[in-house]
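Structure below; questions to follow.
To keep things simple, chains are lettered A, B and C as they appear, and every chain counts its residues starting from 1.
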Amino acid sequence: MTADDLTVIVTAGLVATACGLLGPFLVLRRQALMGDAVSHAVLPGIVATYLLLDTRAPLPVILGAGCFAVVCVLGIDALRATKLVAADAAIGLVFPALFALGVLGIQRYAAGVHLDLDSTIYGEIAFAPFRTWIFGPVEVAQSIVVNGLVALANLAFVYFVWKELKASSFDPEFSRTVRISPALLGRLLLGMVAVTAVTAFESVGAILVVTLLIVPAATAHLLTDRLVTLVGLTVAIGWICAGAGYGGALAADASIAGTMGLVAGVLFGGALFAAPKHGVLARARRRRVAQRTVAAPAPG
Amino acid sequence: MGSLIDLWPLNYTDSVVATGALLLGVAAGVLGTFAVLRGRSLVGDALAHAALPGVCVAFLVTGAKDPATLVAGAACAGIVGAFAMVGIERSTRIKPDTAIGVVLSVFFSLGIVLLTAIAAGDNANQAGLERYLFGQAAGLVEADVNLMAFLAAGSLGLVVAGFRPLKTTLFDPAYAGATGLPVRALELAMTGFLVVAVVIGLRTVGAILMVAMLVTPAVAARQFVARLALLLPLAGAVGAFVGVTGALLSSRAEVPTGPVIVLVGFTVVGLSILLAPGRGVAWRAGLLRRERRRALVDGVLLDLEIASHGGPPPTQAELALGSGRPERALRRGVRVLHARGWVKDEGGRLVLTAPGADAAHDLVARRDEWSAWLEHGWRLRLPDAREPDPRDVRGSLGSEAADRLAAFRAEAAA
Amino acid sequence: MNQPVPALEIKRLTASYSAKPVLWDVDATFPAGRMSAIVGPNGAGKSTLLKACLGLVPVDAGQVTIDGRPAKSALDRVAYVPQRDAVDWDFPITVGEVVEMGRYPSVGWLRRVRKEDRRIVAECLERVGMSAFAGRQIGALSGGQRQRVFIARALAQQAPLLLMDEPFAGVDARTEVALLELLGGLRDEGRSIVVVHHDLGTVRSFFDWALLLNVRTIAQGPVGETIVAEQLRRAYGATAAAKTSDDGLEELAWAR
């Protein structure tokens, strides 16, 4: 394995870590698709930053994209608050509109220059080793630094508000009475998701962000009944996706982000059927045992 | 479809695109309404993403790019995706939104892998499959439009034919099942509608934006009508308007069609949510403001009436202390009472005028009637299912009922 | 005369959803160290009354005092057991962790749970007979056991006033009696308990004090004086109208 291979895998692994720390809470709060929405809604921010400031440096892009992520979350909240639009319909209205804005911006003003539409979706993780920063004697890929910082920020966030996240996700009504506002934590969580989505979007593309936010967390939810384990497992599954996905992509000469997503899907499928307690097979076995117990009267 | 295409006052290419957008708008509007009403708006998002690998597989298997083959592939993949979602949701602890997200991202990842694999192979024919990602209306030809028309007509025919059972199932599946309707099959049909709408639109707006085409017309139309029989055609009309407007605008400005259609749709939804009569945000904000003000003024009037029974007329500060209302709200209420001439200021003390006292008595009487209803209402036999308006029991129940309530109250007091 | 401060006092509380009043000029007093029930027909505003006391729903007018202090500044003296219908039982959380949530207000934001808190959690689990289940996932429990866990969480808050919203909904009769006896024990230790309750039969045998509510206060006082046929008919109206026997009470209990 060359240093470039390692750079790609570590970048993807760091994105998986950042997503895996937040994903479980999105899934448990039934907000999985907010991750999808936010990941798409940041596109116009990236385009606008490029058009206005003529730069693709990480910080301005993250700020610009972050603005649109906030617009997306607040827009969905506002539509829901009218009570005229169902929660899921609100998501389906807002993020396509923002994404459409970004697509128009790219195709009208930035086509073929430096932004290219495909790469926003599939990402261009294969290029991660080519954009580097030099710190004294060491040369480090920008994507590793940026995504590493985000992963650290997410770790700090989850560590410090762990009990608040837990309480407000499990029992929002109760947590309001002990002054842990579920609305505030929801906003903070989506804010972190937005930052994560923006940085990761730059290095791995939207679809892998969505996948890593949802699929590993869903897989882990089938495997454990403890929240700490759930988060740890999610991150671990993310790293497996990164490593195995990269290997698979090299072997098949296919999209790296796509293959990583596919590995996540295969792992989910495995857990779906074979998870020891909550898998399809285990459930079926329990049902069979129950039926047999009913059918056969106790001896004596 | 040739005749419809000839009707547009446009060049041939633009006419084809406009016809395609029209068909897409009608079909997605009508068929998407079922998903929105079932609270499954985002299932369409997953199905649109799930269609991508189907397109790729169809291309890989046949090596051809004719629309019918690719559409068939997309439809098959959509159906597999739909079953996967339902299966995950029914058989495990995974919640519906997560199931949608899993199917969406895994199928789409597969689609991207296949796309890149196809691109890596040297098939000269492969260019253009990316269109299914972002859509490209400009590439539509008459054959595409004919296929869209065929699919749209077929599925809309099914909606018309099965309208009544569909409506029953949509409103109350348990009741529909009890009356012997095949609920599972009907729900499957509604998901099938979504698949059809997705494959009609995939080529034009692309996998990522398709969900907007399904959701937008239904949400906009719902703000204006409340009956399914009106909602479906109106959603179709909104969809058609959005599609055609978007197509025309985009050809004028020479930008991609899909995003423009989506943005036009979003504008239409925004305006209808804001301005819809009797329901929109603007209308309800006005109502709420009037209600709050009325409650405040009534409350302050009563506070004043109670306070002036127990002694000299109160000052504003005393009134605030006694009623527990925030100072600002109280001042606003008093200002309204002043303007109506119901209260006057005598050396810093608030005194009810004669009309003010009348108004207060009237209010007390009305509240007593409501109290009487809460306490004795069960003894009344009303001619129909009418229910009292808390503010106007006499007006809403009729004088006869109000008089009997008063009698019950007097009897209880005795 | 030196009157004891009531645990919870509500004065002229009014709350409304749009035009229709849900609570209207409600006055209520719940004495300290007693077990009180809030009783009334569906839609009487019982749950709203509790939520209004905690500031969970907007209020048009009125004052709430807890231990003689304005409710807003005395929330640390209340533990609330909400209705359970919104909870996701698949949530990856253990019984011990749920009870630990009761310690969060005293631990404070951003800080970790201390050893002392864990001791209190263990004690509270012991108190409700759930020590053996501390490591179980919450969804693996029966309805009655889940309710015990939420009572334990409220105990862990170590608040002198316990507000409970329909704690016995979906719990079998045997468990309901066991839980009521448990609450009685807590009352005997000096806690004040206010329960939104619907079973008139057990109100008479287990509670000391009752508030009959139907949008307005119908009656309140010691159970023996409040839960009587005449008052119930005023509160429940039509439900009672169908029962015209001499003692409508027992039948009412079943009719609910």
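Everything below uses one rule, namely that a contact is a pair of C-beta atoms (placed from the backbone, for glycine too) under 8 Å apart; a residue touches a chain by one contact, two chains touch by 3 or more.
Protein names from UniProt, one per chain: B = Mn-Zn_transporter_SitC.
A quick note: this is a predicted structure, and the numbers were derived from the prediction, not measured.
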Interface with the most contact pairs, given as the two chains involved: A-B
Farthest-lying chain, centroid of Cα atoms versus that of chain A: C
Whole-Å separation of chain centres (CA-atom averages), chain A against chain B: 28
Chain centre separation in whole Å, for chain C relative to chain B (CA means): 37
Chain centre separation (chain A, chain C; CA means) in Å: 40
Chain B: positions in contact with at least two other chains: 93, 95
Per-residue multi-chain contacts in chain C, two or more chains: 88, 90
Contacts with 2+ other chains: residues of chain A: 30, 221
Partner chain C, residues of chain A touching it in the complex: 28, 30, 160-161, 163-164, 166-167, 169-180, 221, 224-227, 229-230
Touch list for chain C against partner chain B, complex: 11-12, 14, 16, 18-21, 60-63, 88, 90, 214-216, 218, 234, 237-241
Residue numbers on chain A that touch chain B, as the complex places them: 27, 30-33, 35-36, 40, 79, 82, 84-86, 88-89, 91-94, 96-97, 99-101, 103-104, 107-108, 117-118, 121-122, 207-208, 210-211, 213-215, 217-218, 221-222, 249, 252-255, 257-262, 264-265, 268, 272, 278-280, 283
Complex contacts: residues of chain B adjacent to chain A: 36, 39-42, 44-45, 88, 91-95, 97-98, 100-102, 104-106, 108-117, 120, 130, 133-134, 208-209, 211-212, 214-216, 218-219, 222-223, 255-256, 258-260, 262-263, 265-266, 269, 273, 276, 279-281
Chain C-facing residues of chain B, complex: 93, 95, 288, 291, 295, 299, 323-325, 371, 374-379, 389-391
